[in-house]
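Report on the structure given below.
Letters are used for the chains, namely A, B, C and D, taken in the order the chains are written, and counting of residues starts over at 1 for each.
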Amino acid sequence: TTDKPASTTQSAAPATSASQSAQGSGTGAQSKFFVQADFDAQLAMRSQTPQGPTDKPWEQAIAPQMVDTAKYKKDGPYQLCFSNAAVNNPWRQVGWKTMQAEVGLHKEITKFTALDAEGKDDKQISDIAELQAKGCDALIVSPNTTATLTPAVTAACGKVPVIVFDRGVQTDCPVTFIKPIGGYAFGADAAEFLVEKVPAGGKVLALRILPGVDVLETRWSAAKVVFDKSKVQVVGVEFTDGDAAKTKSIVSDYIQRYGKIDGVWMDAGATAVAAIEAFEDAGLPVPPINGEDQQDFLQKWKDAGLTAVAPTYPTYQWRTPIIAALKILKGEEVPKMWNLPQPKVTSENLSTYLKPNMPPLHYALCGCESLPGFPETWGGKKN
Amino acid sequence: MNLLVPARRGEAQGGRAARLPEPTQMVFLVLLGLIAIGWVLVALDGGQFLTMESVVGIQQRSAALGIVAIGQTLAILAGSLDLSVAYLISLTSLVAAEIMAGRDGNILPAVAAVLAVSALVGLVNGLVITRLQVHAFIATLGVALIIRGVVDHLYDGPAGKVPESFQLLGYSRIGPIPVSALLWAGVAVVAWFLLSRTRLGYRIYAVGGNEEVARLSGIRTSRTIVITHVLCSVCAGIAGLLLASRLGAGAPTVGTDGGYDLESIAAVVLGGTALAGGKGGVSGTVGGVLLLAVLDTIFNQLEINSFVKDVVRGVVIVIAVAAYARRIKGRST
Amino acid sequence: MKRALPILAVLVVLLAAIAVANPHFLEPAGFLAFLKRAAPLVILAAGQYFVIVSGEFDLSVGSLVTAEVVIAARLIDGEESATWPVIALLIVVGLLVGLVNGLATTKLRVPSFIVTLGMLLILSGAVFLWTGGAPRGALSEGFRTFGRGSLGPVPWSVLILLAMGAAAIWLMRADFGKTLMATGDNERAASLSGVRVDRAKIFAFMLSGLAAAVAAILLGGFAGVSAQVGQGLEFSAITAVVLGGVALGGGRGSVLAAMAGAFTLEALFTLLNLYGISGALEFTVQGVIIIAAVAAGAIRLPWKFTPRRGDAHAAS
Amino acid sequence: MSPKFADWPQAHPRGGGSGEVGGVLSMRGIGKSFLGVRVLSGVDLDVAAGEVHAVVGENGAGKSTLMKIICGVHAPDEGTVEIDGHPVSFGHPLEAQRSGIAIIYQEFNLLPERTVAENVFLGREPVRRGLVDRAAMEQATARLLDELGEHSFGPRDAVKRLSVAQQQVVEIVKALSVNARLVVMDEPSAALAEHEVELLYRLIGRLRERGVAVVYISHRLREVFDLADRVTVLKDGKLVTTLPIGEVSSDELIRLMVGRDLGTYFPARSTGAGEVRLSLRGAGNRKLRDIDLELRAGQIVGIAGLQGSGRSELAKAIFGAEPFTTGEMTPSRPRSVREGVAMGIGLVTEDRKAEGLALRQSVRDNALLVARAVGAKGRDGVGGLLERVRLSPPRQEQEVRYLSGGNQQKVVLAKWMTMAPRVLLFDEPTRGVDVGAKAAIHDLMRELANDGMAIMMISSELPELIGMSDRVVVLRDGRIAGTLPAGPSEEAVMRLAAGEVAE
């Protein structure tokens, strides 16, 4: 007997890289994760108008290509299963709470079984296998690693309708793949902002969390393309491990070394505030910087009147898989590739996203304000 | 003034404790108890505990940790320990998948390369400990950093490709028994045989029991420690192969994400092997690994979040080892 | 002092190398910044030293640091007036965790490696269970002063470091330190000389917990709330102590050398950074240097004179 | 592989001594330094087959180091070693073993967690088809134990369950199992009681008969005179002389070792007994029963008994390290070591290294350990104390592990004297201590008694016990078998200890 699919159509190595243009701009070689076509597609999507209800961005889709799901149609009530990569950072925490609240909205879901793989590929492979035996009507997967989870997801596709979101897999067997526009858009949004705000020849420091994670690699590779075409000078690309203290130290070192840093690009917002503080502690004005939609950053932005932008990778995407699952089980069409809108926070709309009663590491684009239990479930205070 | 004081605590326990089995056997009693508790809890929750899938799941989940923990048992019995296994697993999964590159014909060279690489790392660990006289904790931590640097430098994501035929190792099963569990069982049997039937095994116990006594009795203690580390690393290499076959590729974080370093040590001591060396054995470790896997399964079935899991795991480990310590104290007085 | 000489020499060489690459380093501001950055690790190393010299390990300090920062943020919740009560509470929590580690090690007779490994799991699980998975609340400005602010030109963390360092050195010269050292060297002999060995060890664990609490206050103050402030600090602290020539297994080494070891480690990180060793290979260099430094120390000293039970198995 | 005791002749007259048979061992000009400190220089040693060759000298004279060179533990810096006329240079104990050399080390050398058989064949396990042959190993061990008349334990017992004396038997069996040409015994009797030493004598006799060469080290001169054919004296790492045993007297031997006249006299006994410092009435615990005992100021009470008769247990219970569960103790019963110390009781333990000293700490720190533990004052006097215990040279910052056994024992003494105890208990105070230091310790004990301290002394060396005690209490199986006045005969003590009824 085998628990493995008969065949997998995977291509483990990330697709070919294009545009190896380092140009001595300090940005280094292009990431092997970079795919020009995806880059172009994502950048284009930014200006497309999503379809669906505007007040519910998690139900919207950009340029959807609908697929028929009649063959999955069945009567309720339903049991949904979810294999989660991990709940090991605030982004996933917010998303996970949002997803649970979404489940609570639907009476027809009588059972929701979720297993947490704790960031372990091997555990997630077993989890997916174990979930298939639980009589799920649909299986939602948030894969830990794209390549390595592909076989397990492929295997599940043969037994239940599968919905994948956040990180992808290298097979199109899932009924739908849900994600915001993507990392290229995120990285480009931030880089374009800096190119606009930093004077020509200005020194930009790029801070990355860690290498090798596709959603983060795409962010940087897009920024690299943007910077390489610009007149700013990228003086350093450093990894922070997402550690605030390390971030602050790195930024302080750069300030000391170069006397002045004119812009800071970040691939994620978690340590943006630490980077800002490095300038404050050095008694320098904070240069243009990007963060993410985390409350502490938005708060700082407002309080200090920063020149900033916050691209997002919205946590409201955690609602969509539940909605998609129900649509599929009811036989309604869903987009094959469900591209959610990916707004960015700017100084114009900052005040709509800043919610001072929410915890510092809360993500503004949770789409959770109208869900039962808000704000306490997300750690916020009623006021 | 001081008449008839009550008997000492140690004495009172002595009688009871003396009848308790060895720690390496006790872990199986705990395991049975845990299965019973799990069965009840899951039943109350309206589920079924030991379904076919969960039994297969327990074995699948245990196999990699089990193999590493067997190697760790050898190192700990010899009075050492190995903190480099996690990074070595990542490294060997990459070596395997890169060399296989999706081709059946490359399986053998890949396996050979993995064994060679892991043996080499074990050799380095052993030599740093014995020749340079660096405490095993620091030596293997240092080697772990070295491997980490190399892996992080060369790879930033999954790489290589494991051919279908080799993935059977990770996925096929014979009835309810996965091949990976058979591999684990095989490694355990070999290690058990080695420890209880060969001179090397006797020497490992002797070196771990008291290195000086072993040396003065004519045992080449350094050589024993080096060989033990080579075996321990080879076990990690085998686990790396298994994980590569499960993932279909090599992954630079598979070892650390799995927490195989500290978790394998926890499994070993949970199995009643003394951290100081010289006492314990493979069977206990098998029990310890199964105990952790059954705990995981219960948590999975009850869908308990990972934070509670950590707390429970921490408490279980400390209490189990405390129970063994009680028993030993009871014995010796 | 004599025992700290070799590591101090290494430290001076590293500092000189840093100064060559970065002349700012020799200016008061540059050097104070280095001290400030090193302060948490140095304090943790001092705490870890007490545990190691008594013959034990404390693997729980990293997750204790994280837990303390997360607790502080949730309890203070931006409220200036809560600063001092919460700081007091953090110190109590640190001492309490040390107390539990110490009690489990001495009374339950579980090897401290296992006790503190268990504590590591328990703390990281419990604190996030309590906060629902991610840090909540915010630290007050007052709280952050200790890690961020300075008194005149001298950062508070440097002053705190000096105070803690002086206290550690004083403690090791006092009866407590001498009896702790004897306990780590020969527990049975110490006990038969009237030393309350369990109490001494428990106290050592409490000092480590206290050090973790102070380090948490400095780190939280320096960079704000984060879920991974403490990650890996236990290994850094132990490495620092060992780098200072303090033997795992107990009974040997000076606290000054342990702290110098922490400075050396921090200087090493700074240096690797300055010379632009690629992020990843930094680990490799670090691994080689640590092994080499400990090996050099081992060969310099008579590592094995009287064979002693437990030397080879300090992990127990 | 297994030795054939059965083949040995039963009678064992003293062997022919040197010269008769070819030399088994010949060492020439041996030199050895540790960390630049010269420990041996220019030492020659010849041992013939069938000879028992005693090696004597003060603590630290280099006896054990010389033996470790024979056995491949240390390599000599200078000189040559020949076995059967062939030069050898052992890099590892294993190689010495293979050349037929066996050793009973001064320190215990067993694995408590392993069985007797596993210990006996440690590193030399018999194998069959590549696998360890347990059965053969256990049979051979059983046979050896049988030959020795040891039936109180078997090959499968875990060593940790054996008494100290039984463990010593295992050590001996281990050495014999090698079927060696040369057996080195480094203080094999230190842990044995008198009657067990008899057993050892018989064994050595048999070895001699078989033509095995024996090197015997002991601080007990009586054993040297009982056993040896020749004696080699070492002093400060140098060879003093090698003499046939018949050509030297005990006083001469001491002079050769110490370099001066010591005399074999014990200090004068006390003149009168002072107040009762401590008394026991019907005291007992799991090892002791019905102990009535009085310790008086100015008196030394000797405690005699066989191994395991409960002497150490008695000392530890009085001190508070072990409990009394029944009976009374006046002025009060200490429930912990600290209470014992607070009552003014001190204990010089029998195992210096395991229980007495923190070896890596300095002389000063060890001497102050008790004072610091209980937070007592009076630490400035340490220097004076160290002089008083005649520590030589009194270097306070020296790590204790670098001191000789005698000097280490003096540090232990100083440690207790900082507290000016009212009662001081000595458990085997001169075990493994050379003759010079022994005399110093004896003098000191009497001096303390004369200053008004109450002293209890346990010793397995009867001459010492008898010579020092103002009263001898004999223990047997945890009970007091009888009390004898000052200066009893050895026979009287032994009769009580071994079980004949006292009047």
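Quick notes on this one:
By definition in this document, a residue touches a chain if its C-beta (ideal position, glycine included) is under 8 Å from a C-beta of that chain, and two chains touch if they have at least 3 such contacts.
Every value quoted in this text rests on a predicted model; they were computed, and no experiment measured them.
The most distant chain from subunit D is A, comparing centres defined as mean Cα coordinates.
When chain pairs are compared by contacting C-beta pairs, B-C ranks highest. A straight line joining the Cα centres of subunit B and subunit D is 43 Å long. One simple way to say how far apart two chains are is to compare their mean CA positions; for subunit B and subunit C this gives 29 Å.
Averaging Cα coordinates per chain places subunit A and subunit C 36 Å apart. The residues of subunit D never reach two or more other chains; the list is empty.
In subunit B, 152, 210, 212, 305-306 are the positions where the chain touches two or more neighbouring chains simultaneously.
The set of subunit A residues that touch two or more partner chains comprises 87, 211. Every pair of chains meeting the touch criterion is listed here: A-B, A-C, B-C, B-D, C-D.
Note for the complex: subunit C touches subunit D at residues 175, 178-179, 181-182, 185-186, 188-196, 251-252, 302, 305-308. Subunit D contributes residues 71, 73, 92-94, 96-97, 103, 105, 109-114, 118, 122-125, 127, 130-132, 160, 174, 286, 323-330, 332-333, 335 to its touches with subunit B in the complex.
Those residues of subunit B that touch subunit A in the complex are listed here as 51-54, 56-57, 60-61, 64, 97, 102, 152, 155-161, 164, 167-168, 170-175, 178, 243, 246-249, 251-254, 257-258, 300, 303, 305-306. Listed in rising order, the residues of subunit B touching subunit C in the complex are 79, 81, 128, 132-139, 141-146, 148-153, 208, 210-212, 262, 265-266, 269, 274-277, 305-315, 317-318, 321-322, 325-326, 329. Looking at the complex, you find that subunit B touches subunit D at residues 1-8, 11, 197-199, 201-203, 205-206, 209-210, 212-220, 278-279, 332.
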